[in-house]
Structures are given as structure tokens and as C-alpha cells.
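Input: structures, listed below.
The two complexes that follow have chain A in common; it is paired with chain B in the first and with chain C in the second.
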Partner chain A sequence: MTRTRERRRSRLVRLATTATAGAALLAACTTTTGGDDTGGADDGEVTVAGTYPIESLDPHGAQGASTGTQLAAQEIFSRLVKPDADGTLKGDLATSWKPNKDVTAWTFTLRDGVTFSDGSALDADDVVASFQRMTGLNGPNAGNFPGDTMTRTSATEVVLHSPAPDASVPGKLGTFYVLPTGVGKDDTAFFNHPVGSGPFTVAAFTPSESLALVPNSKYRGTRPAPRRVTIRDIPELAARLTALRTGEVDVVWGIPDDQLAALKGQKDLTVRTVPSSAEFTMWFNSSVSALKDAEVRRAIWQAVDFGTIIRELYPETGRPADAPVTGVVLGHVAQQPVTYDPKAAKAALTAAGFDFTRKLRLQFANAEFRPFVQAVVSDLQKVGVRVDPLEKEQAAFTEDLLALKWDINFQQLATPSYDAASNLGRLYTCAAERMGYCNRRLDGVLAAAGATADKKRRTDLYGQASRIIWQDAVGMYPMSVSIAYAWNSHLTGFVPDASGLPDFATVRTGGS
Partner chain B sequence: MTRMIVHRLLVGLFVMWGAASLIFLIVRAAPGDPATVLLGPDADHAQIVRLRASLGLDRPLGAQYLSYLGDVCRLDFGESHRLGRPAMDAVLDRLPATVDLTLTATVTAVIVGLTLGMLAGGRPGGLLDRVVSACTIALQSFPTFWTGIMLVLVFALNLRLLPSSGVGTPQHLVLPAVTLAFPFIAIIARLTRTSLVETMSEEYVRTARSKGLTERQVLLGHALRNSLIPVVTVVGVQVGALVGGAVIVENVFAWPGLGSLVVEAVANRDYTVVQGATLLIAGIVVVLNLMADLLVAQLDPRIRTGAV
Partner chain C sequence: MADLTVTVERPPTAVRRPRRALLSLVPALVVGCYLLVAAVGPLLIHYDPVHTSLTDRLLAPGSRTSTGDTAWLGTDGLGRDMLAQIAYGARTAVLIGACTVTLSGLVGVVLGAVAGYFRGAADAVLARIFDVLLAFPAILLAIVIAGAFERSALLVVLALSATGWIGFARVTRGIALSLRERPWVDAARVLGVPGRTILARHVLPFTAGPVVALATLEFALVVLAEAGLSFLGIGLPPSTVSWGQTIAGGKEYLETQWWIATLPGIALSLLIVAIGILGDQLTARYGRGRPGRTPTTHSSARTG
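Entry: the complex of A and B
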């Protein structure tokens, strides 16, 4: 009996020892500041969680157009011109730019005395070499400049020649970054420690994990306020928001509506939404017999109560669109709203001889849009239009999109250049063959808009183009998208960006 | 023993060839084209054709397969055009994070699982056995993503004891490793318990008891060794599964391991990375299984001598 008791006591002692050791280990592992180990302090360090991973720092390569690479590139490298937080174009390396008479050549005058972070001078040769590198690598950004060439006219002047008039060149150059001459195709050594002329240099980079930036001491402008900026990749939204709440990160963006109320209720967070260039766009495939008739397309648009859907699903980040491009894009001209009228829609469809037995294929690529698409399908069902929502993987979606293997295509379409030329001018021509729609009159208007550098004239022409697109219901244009940002209130100087690419050079923590 | 090793190695090579061939075919059978994904929907047809040619995708499938096998034999896994670097470099960059996570989860699972299994199996039907059985069923039933999120809510958000995500310090490893270990603990505990109960009813155990050995001597000196044979085999298989299957945990905790790399590569049709990562994972599984077989042979002389 005594032996059994002793054994039990011995077991209890061992158990207690193990538990104590475990607790000590856990305590040793714990963060001593209550989880607030990176943000929240007045240490001049800013940690943010981007919406997409940064897989490469090469702005000319295959990842050049990705949001992650763009976010990093704008802090490390300079551009000729860049959009402001509200989309207004301003000079970066260029102090001025002007087109020739027929808008086939743009001359950029470069800022004097710019140096790279290694102290070497940046001149026109670097700009030309970078342009050649970008077009030569055949990455996604090269597609913006088909047949374009760049030449140096002096150490501080370059000219970009286009094979056809192109007024949108400055806007498109918002994704063109200048690297030093001589960077190779897959120059791993360079991109491990890139040399740029942007506000920051790279302190450490692990692809798809984190990018740490420190101020570039050779930067020509105001020295960046933070001592260090870390951009972390946190793929799961829930994990990003948790990290924001615990203070592990200071800024998060791309937050869906259903999460905003909870964040707004938190005292130490600031929440804002900013109108972006992105718009929910639902093209009709005008080449299929059921959707050839503009009356049919208009009736389908009229049959969906987009106002209610937006109010219910996107009360904070959505508002009804009034043109094929959003209000922040050059060329936006508001159109007559399409009123929801299911009875009129049904009558118009019947009058047009619409085949109600045919099932339309509505393709989309991202699960986050599923509720929206389902709501649209449900409204169309009410007027007898049968729609099959097809959620596809991005790769399959893109392939089918280009092959026109759909009847209605849903996309959140952004205009990163803030110029209607790279949306309307590029996608809606007969030659583009993007949605089976061809209208020679529209082609003429778009060509004229692309051939003049006069902003007022361009806006007028894109307004005319928008009217044709809108009235012919080339697609349905239900919603303009705003981007929701949330940041810790101890940060000052943070400006939410309309394209989802915020600049952190002006951000100050409490005491920095 | 040598014969066994040679045999297992040959089987391993066959498995590797099978994995290499299967993954080559599967990624190409999936809808979606790497060039289209890389260039995005804005690219024109000529651009796509040029990129397909530079990626070698315009060649007949048979020719692609033969050159791929030749490259693999030379340990050349090709370039990832998407990442702008050799595919295997990208894979090997992610391997340490996966090894850290898997190893910590495995060690935790083995220690806790074996202990729980022994405690339960030592007195079958007792209170401890019932408690352990209930706990292990619960651990195995909880979906990993749910467990992960609950742990984050409790330990990161409410208690502020541990970071919610990311890498860099040992404390970053605690929550993902524990999440990954939970179902594994349950498997090991249940297997150890069952195996131990069976072994304890063997004749040689009764003989040991009749010789006057204490329960502890019987358990540790005789029963445990034999009970471990199925456990070791299962651990070998499970660790292999963990290496490639930790993707949910990696996503929840922003852990940059192999699993999430493969998922990104599949979504982007990055053939070279998918192939390289799959072959590496297959290689790890083959090696781990071989090690498990050798360990089992060490534990059971009948296997060593070829008696069974």
C-alpha cells in the first residue's frame, strides 16, 4: 500500500516537473511585449502585409506585372513617370514629357544628378537599356509596348517611338522601372541586392515570405521616414487581420466588406476605403447566337437588380458603376444608369426571340466573387434566363477567356495606367477579339482618342466610346470597386492608394 | 540485410521514375497554359506563341518527356520562368522551413503520442485509457485549419503569448508545429495503445511476469520494443505525408514551406517547380520509408534475417 502511494507520489512529482518544464519552455518562447513585437512601438519600423506575395524583384521579368513585384519595385526603383495615390500622373525621373505632332514619339526630359543607391549616376543610357531589357524579356509589361523603341538623344533626354499614334504612353510607363545598365536576364546576384534609385534599398528578401527595406541614403528626394519597412506575405486574410489586431503588422488592405465592421469597432485602428480603377465587368460574348442582338444583352442587364446586390454584398467597397471605366480613370464619362426592370426585360427578351431553353455559361475565376455571381444568376432565373455559373481556376479561366469559351465573363478589371486607352482602347476594338463584339464606328472613335494628346479631346472621345459600349451593352458594368485599408492609428502620414500599391516612404510611427 | 537494402533502393528508383512520369503527365493534362498564365490576359497571340516556344512547349509531348527524363537524370530540373531562377533553387529555398516544421511536429507527435499510448495501453479499460482514447478521437477529428485558427485565437489574439503567423524565431514555430502534430499524436497514441495491448497478452510477456519482473521491466524491457514495430512503419509513412501535405497549416500560419510553393506553382502552371518539388518530396518519402524499414528490421530480428 505504502509502495503504491509512493509510486503515485513519484508519478505526480514527475508530472509536475514535466508540466513546469513545459510551462518554462513556453514562457521562454513567448513574446515579452504581449505579441506586439513588431508594430505599435515608436521604433520607426513599419510592418505591412501585402495582398499578394512578392515572388521576384525583377520588374521586367515574368512577375513584372504582379501586384507583389510592383509594390516592391516602386520602393526600390524609379520610373519616368508615376501615378500619385489618387491616380494623377506625375514626374519621377522625368521632369517633363511631350509628344510629337502625330503622337508617335514621346520625349522625356530626365532629372539631373540622379544617382543609384551604389552612388553611380543614372542617365539616359540606363533608361534606354532598361526599356530594351523590359521589351526583350517578353514579360507581361512588354505587351504594353508592341513595336515601341526608345532612343537616347542626350544624357538627360530619351524618346519613345511607337509604330502608331499612342497618347497613352505616359500612363503605360507607370509600370516601367529603370535599372542600371548591364543587368542580365535572370540576374539572381543583382536581384538579391538590387541597385535602384527609389526611396528604399533592400535589406533582406525572401521570395513569398518577406521583404525588408531600409532608406536609400542616396535618394534624391526627402529621406524616407521609417527606419525600416517590412512587407510580409500572409496569404490567408484571416491571418492578416489577426496579425493587424495583435500589432504584428501595421497596415493591411484589400479587406472585404464583411470584415470591416469589426475592424471599425477597434479603437486603435483607422479604416478607410478609396475608389480604385477596378470595376466589376461582365462581358457578353457577342459572337454566340443567343447574345448577338444588343436588345437581348440590354434586357439581360436590365433583369439584374445590381443596386440591391451591391448594397447587400459590398456596402462599403462597392458603388454602382456609371461607365465602363471608373471615375479615377482618364476618359471616364458618366452614362445613363440602367434601371432594374425585370418585367420590361422579360418582354424585351421575348420580343427579341430569345431562346429561354438555352443555358448561358457565366465564367469567373475567384471564389470571393461567388456570392455576387450567384445573386446575378438568381435574378436572371427570375425572368427565365438560365445561367450556369462556372468557377474556374485562374489558369483555365484565362485560357477560356482568350478562346471565347463562355457566354458571360465576369472579371474585376482594373486600369492600372489610369488611362482609358489601356482598357477601352485595347480591349474593345474589332482586332482585339476579346468579346466577339466588333463595331467599326467604335474602332474609329477609339483610334482617334489614342491619336491625340489633348486630355479634354481624349475624354470627349472616350465618352463617345463609352456611350457606344454602354448602349450596345457589350457587357454589364455593375460596380466600381473601392479598396479598403486598415492601419494602426499610431502611424501617421499613411496615404491609402487607389491602385492598391501604397507608398511607405512618408509613413511615420509614433516617434520616428 | 544488404539484399534488403538493395531491393528497397531499386524499388525506390522505380517509384521515383513513376512519380516523375506521372507528375509530368498530370501537370500537362490540367487545363490552362503556362505561357498564357505568365503573360496574363493582356498578351497578344504572337507573344504567347513566342513564350511557348522559348519554354519548349511547342514540341511534341514525347520529345518533351524524353528531354525531361534526361534532364532529371542529370539532376537538372530546369528554370522557372515565373520566378526567374532554377526551379530546384526555389524548391530548396523552401525546404528548410518545411523540415523545421515537419521535424518539430514529428518529434512532438512521437513523444506525446508514445507517452499517451503507453499510458493508455498499460491499463486497458482504465480511466486513463478512456480519457486518452476520447482525447485522441477528438484530436483526429478536428480539421487542421480549425485547430490552427483556434490556437491563433487563444494564444496569439487573446493571450498574446505567441505570434499569429510568420517565421523567424522559435516561438513562430510553436503554433504551426502543434497544429500539424495534433492528428499525428492521435494516430501514434492509438496505434501504440493497440499494439501494446496485443503485445502484453503474448506468451513471452506472461513468461517475463512469471520470472518476477516488475510491470515496468516487462513493459520497457520486453513489450515496448515489439509494440513499436507498427508504430515505426506508420511514422515513416506519415512523416512523408507531412512534408508535402502541410499546405493548410502553411497557409494559416503564413509558413513559407514546400506545400504552399507547390500550390502556387500548380495554380500558375509552373511545370518545372511542380516537377522539382514533387520529385524531391517523393525522394524524401522513399528515403524515410527505407529508414523506417531499416529501423523495423533492427527492432525485429526475423525481418533482418528474412524469416518473415
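Entry: the complex of A and C
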């Protein structure tokens, strides 16, 4: 009897020990080891936690369009032109640019005396070689320049020829980075120690983990203020925010609304949201019989109470959208808002003979959008429209997106060129076949908008295109997105960026 | 004096015995409660996983909702009631667990008994298959299977059964190996009873005890694995309520709205611990044999 009792007790003790060990292990897993190596000190070291991992430093490669690679590339390399924090274009390597008469060729005059971080000179040859490398590797950024060629006219001048009139070339070049001549495909030797002409050079890089940058001593502009910038990848949001609070990292962005309130209460943190070019875009697949009718599409849009969803889920970072592109994009013209009216929607759907037994497939890719999508599904269910939310893995999502294997497609669609040409002009034509919608009149307006370099005229034409898209309900355009930034108040000179790609060259530590 | 010592010592023993007996009932009671909630809860509480009520989001336990009800365990990020989610989640967990354990038990017992009773080539092949499959990490295999196809409850059951049956097969094979040498099996064989009948009538019934004990432990593991798969987003579809999904949905709110991830987490761990102890009790009683049981189960279990 005593033995059994003892055995039981020892089992209890064992259980308790296991539980304690488990708890300790869990605690150890939460990454933040209360280090305040940068906190508040004027040591010139800035540590940031990006929203997306940096998997590659090659801006022309397969990862070239990913946010992580773009964030790294803009610090290491130079571009011909670059968007400012608010989206206006600025010369980087180019001092001026102008189109020819029919907007099929753009001439860029290059800055004189620019050198790479290894001291070699950067000239037109490097620009042309980089452009050929980008189009040759056929990565995602090459898709912006189908059939375009670049030629050198002098050591400080290059010309970009397009097969068709293209007024959005400067905007699209915001993702084109200049590397030295002779970098091969998958050139690991080069990308282990990349040579660029940006404000920083690479001190250490571990893909999907961290990137350490130090100032480029050969940089043509003002020498970057921080002594060292470390971009860390902390995938778990809770861990990222804890790291910000403990001072382990100095800047975090892409913070969801529900976490913002807690951060705002901290007095040593600055929290700010900036409107971005990203918009929640929910295309209808107009090629399926159920959604062919514009009346049906309009009615579905009307059936969702986007106002309440945005107010409740995105009180800080969301604003009801008023056009297919956001306000920071060239070509934005506000449209008549769609009012929530489930009764009218139900009546319109019934009148149009909508098949309420059919389940619509709503595909999306990121877990962060799950609440939004579920709220939309819930609203549609109230008017009798049955929707199946399908959360897909990114690769599967993209494949199905292009194959039109969906009825409603949810995407947070950004316009990184800040030019409606690369959004409306690229995606909504009959030839693009992106959402099964085809309207010859829209094609005509978009072609005319792409063929003129006059800003006012282009805005006017994209406004007309927006009206057609909006009224035909090619998709639902519920919300324009702002990006929430939070940084330690001892940093000065930090400018939140509209595309989620902040520049750290101007950041100083020990400010307050 | 001797009398006195006896009178002094007796009462505590007399008190302790029923208390211990009561204590040993606790795991069974807890599991019983879960079964009750799983069976009755969904009948009493209405819950539609698709319906969201955004004005009631992130309410603390005990708050009033916009419809005038009380959210006893609070609401989640989409204003859905936590109590209902836990009750419906219990049903899902119990159903998935029962289906998986039944499926893997059936497959495992049949294959194990065949291998152990018929021996020879069948045993050589089957036993090696068990060994090879045992070398696979079960949860990884389940993740691969569950991740490769579209999410559905059937897929989760199949993915979890894919490795779950091996334990049953090994235990049954061990028992069958020992039982086939028993005198009554020899007697049946001499009488000319066909092999299949001997297996069904004279071997399989004796595997029941250890198999039930194993099934209980397996049930706990399956419930945990299902929650794990759903947490990773490759388990049950979003239209089915699952503790794993609820916990995943609440992990961002751990600091401010602790109840979303914590309450289903507690529900899950309590069930696992209770089933684990219950399984231990069953193993002690039926698995390893006990004085008073038939000597057959006793010796067979030792081999198993």
C-alpha cells in the first residue's frame, strides 16, 4: 500500500516536473531575451524587424519583387529613379528623363562621377547590362518591361525603347536596380559581398534571418547617419512587438490595428500610420456564368457592410476606398461610393435570376486577411449568397489566380510604381485575361492613357477607366490600406514610407 | 496497548481508501464531462462559425453582447462566442478522435492478428512494414498528407490514421504470437476448426483489454494532433469549429485578450491529461494484467 502511494506520489512529482520543464521550454521559445543593446543609447546602431523575410539580395532574380528583397536592394544599390516616401518620383542615378513624342522611348541622363562601393565607376554600360540582366533572368520585375530594350547613347545617357507607347516607364523603373557589369545568374560569389552604389554595403547576411548593413564610404550623397543597421526577421508578430517594447529592435511596421492601441500607450514609442498604394481588391470572375451579369456583381458589392467591417477591424489602418487605385497613385479619381443595402441587393439578385444554391469560391492567401474575409462571407450569407472562403498557400494562390480558378479573388493589391498604368493599364485589358472581364471601350481608354505623358490628361483618362471599372463592378474595392509604423522615440529622422520600404540612411539614434 | 494502536491506525486507512477511490475516478469523470458536452452542448447552444458579429468583438468573459446575451467566456476577434466554440470544438475533437481510433484500431488489430497468428511469410512482410512505418515521425507524415490535399474532416482522419494503426498492429501481433501457442488454440486446431475461425473466436477476443487501453492513449494523441494540424491551418476546414483553429486565431491577442487562446487551450490540455491518466489506469487494469484476471490475459499482455 505504502509502495503504491509512493509510486503515485512520484508519478505526480514527475508530472509536475514535466509540466514545469515544458513551461520553461515555452518561455525560452519566445525569442525576446530582454537585451537592450540598442535601447536608448547613442551608439549609432539601428535594429529593425521587417514585415517580410529577406530571402535573396538579387533584385533581378526570382525574389526580386518581394518586399524583403526590395527593402534590402534600395539600401545597397541605386536606381535610375526612386519614389519618395510619399510616392513622388525623384532622380537617383538619373538627373533628368524625358520621353520622345509618341512616348515609345525615354531618355535618361545619368549623374556624373558615381562609383560603386569597390571604387569602380558606374556608367551607362552598367545600367544597360543591368537592364539586360533583369530582362534576361525573366524574374517578376522583368514582367513590367515586355519587349523593352535599353541602349547606351553616351557614357551618361541611356534610352529605353518600348514596343508600344508607355508613359509609366519612370514609375516602373522604381524596381530596377543597377549592378556592376558581369554579374551572372545565381552569382553567389557576388551576392555574398554585393557591390552597389547605394548608401550602405552588406556586412553580413543570413537569408530569412538577418541582414547587417554598414555605410558605403564611396556613397555619392550624404553619408548615412547610423553606424550599423541590422534588419532582423522575427516572423511571429507577438515576438516582434515584444522586441520593440524591450528595445531589442527600434522599428517595427505592418502592425495590425488590434495591437496599435497597446503600443500607443507606451510613452517611449512613436506610432504613425501612412496611406499606402495598397488597396483591398476583390475581383469577380466575370467569366463564370453566375457572375457574368454586372447587376449581380453590383448587388453582391452592395450586400456587404464594408463600412462596419473597416470601422471594427481596421479602425486605424483602413479607409473606405473611393477608386480602384488609392489616393497616392497617379490616375486616382474618386468615384461614387457604393452604399450598403442588403434589401436592395437581395431584390437585385433575385431579379437577375441569381442561383442562390451555388457556392462561390472566395480565394485569398494570407492568414492576416482571414477575419476580413470571414466578415465578408458572413454578410453575404445574410442575403443568401453562399461563399466558401478558401485560404491558399501563396504559390497555389498565384497559380489558381492566373488560371481563373476562383469566383471572387481577394488580394491586397499594391501599386509600387505609384502609377495607375501598372495596375489598371496592366490588369484590366481584354488581353490580360486576369478576371474574365472584357470591355473594348475600357481597352481604348487605357491604351490612350498609356500613350500620353501629360499628367493631367492621363489622370483624366484613368478617371474614365476607373468609372467604367467601378460601375461595372469588375471587382469590389472596399478599402485603401495604411501602414502602421512604431519606432523608439530616441530615433530621429525616421520617415515612415508609403510602400512599406523605409530608408534608414537618415535615421539617427539618441535623439530624445 | 496493542488494541489502542489498532484503533488509532484504523480510521485514517478507512478514510483514505474511499478518498483514493474517488480520486481515481476523477479522470473518468472529466472525460465523461467532455463526452457529455460534446453530445449535448451543440444541442443547447446555437453556433454558426460563418456568422460574425463585429460589434461584439473581443468582449471579455461575462460581458453583454449587442443581442442582449451574456458571453460567459467572452468573444473572439470576430465577435463569435467562445463558450459555443469550446463546446462545438469538444464535439469535433471527440468525433475526430473516435473515428481515427476506430479506423486505425480496426486496421491495426486485423493486420497484427494476421501477422501474429499465421506467422511465416505474412508475418515477415507485415512486421517489417510495421517497423519501417514506425520509423516515420507520425506528425510529419500527417502534415504531409493533410497539406497535400484539400482540407476536410475525412482527410484529417485518414492522415492521422496513416501512422496510428501501427501501435495497434504491434500490440495485437505480440498477443497473437503468444496466444497461438495456448492449449485451447491447439485443441481447436486439432478439432479441425478453420484458421480464420480460430483467429476470430479464440484469439481476437483476448486482445480486447490491451487494445482498449492503447486506444485510450491513442485517442489523446489524436485529439492533440488534430488540434495541431488545425492550428497550422492544414487541418479541418474553417466551417468546422476546432480548438486548434480557435487557439491559432487567438495567438495574436494573447497579451490583451487572453481568453481567446487560453480557454480552448485549457480545455484541450485538461482533456489530454485526463485521458492520459485514464489510459494509464486502464493499462494497469487490463493491459498488464492483475491478480484475479484469467491467466491468459495475464501472460498474453506480458508478451505484448
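Assume the second predicted complex is superposed on the first by the 475 of 512 C-alpha atoms of A that agree within 3 Å, B and C clash if a C-alpha of one lies under 4 Å from a C-alpha of the other, contacts with A are read in each partner's own complex, and residues count from 1 in each chain.
The working rule: a contact is a pair of C-beta atoms (placed from the backbone, for glycine too) under 8 Å apart; a residue touches a chain by one contact, two chains touch by 3 or more.
Treat the numbers as computed from the prediction; the structure is a model and nothing was measured.
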Which superposed partner A:Ala238 touches (first chain B, second chain C, both, neither): both
Touched partner set for A:Asp58, first chain B, second chain C, both or neither: first
Partner chain in contact with A:Ala484 - chain B first, chain C second, else both or neither: neither
Which superposed partner A:Gly143 touches (first chain B, second chain C, both, neither): first
A:Pro389 touches, of chain B and chain C: first, second, both or neither? second
First, second, both or neither for A:Ile408, with chain B first and chain C second: neither
Per-residue contact with chain A, leading partner among chain C and chain B: B
Contacts of A:Glu209 with chain B and chain C, given as first, second, both or neither: first
Shared chain A contacts, counted only where both chain B and chain C touch the same residue: 238
Residue ranges of chain B touching chain A (in the complex, touch as defined): 30-33, 36-44, 47, 50-51, 54, 79, 81-85, 90, 93, 149, 152-153, 156-157, 160-167, 170-171, 174, 251-254, 256, 260-261, 264, 267-269
Residues of chain A defined as touching chain B within the complex: 26, 29-31, 34-37, 53, 55-56, 58, 61-63, 65, 138-140, 142-144, 146, 185-186, 188, 191, 206-210, 232-236, 238-239, 242-243, 245-246, 248, 393-396, 398-402, 426
Residue ranges of chain C touching chain A (in the complex, touch as defined): 50-52, 54-55, 57-58, 77-78, 233, 238-239, 248-249, 251-256
List of chain A residues in touch with chain C within their complex: 237-238, 256, 258-259, 262, 308-309, 312-313, 367, 370-371, 374-375, 377-378, 381, 388-389, 391
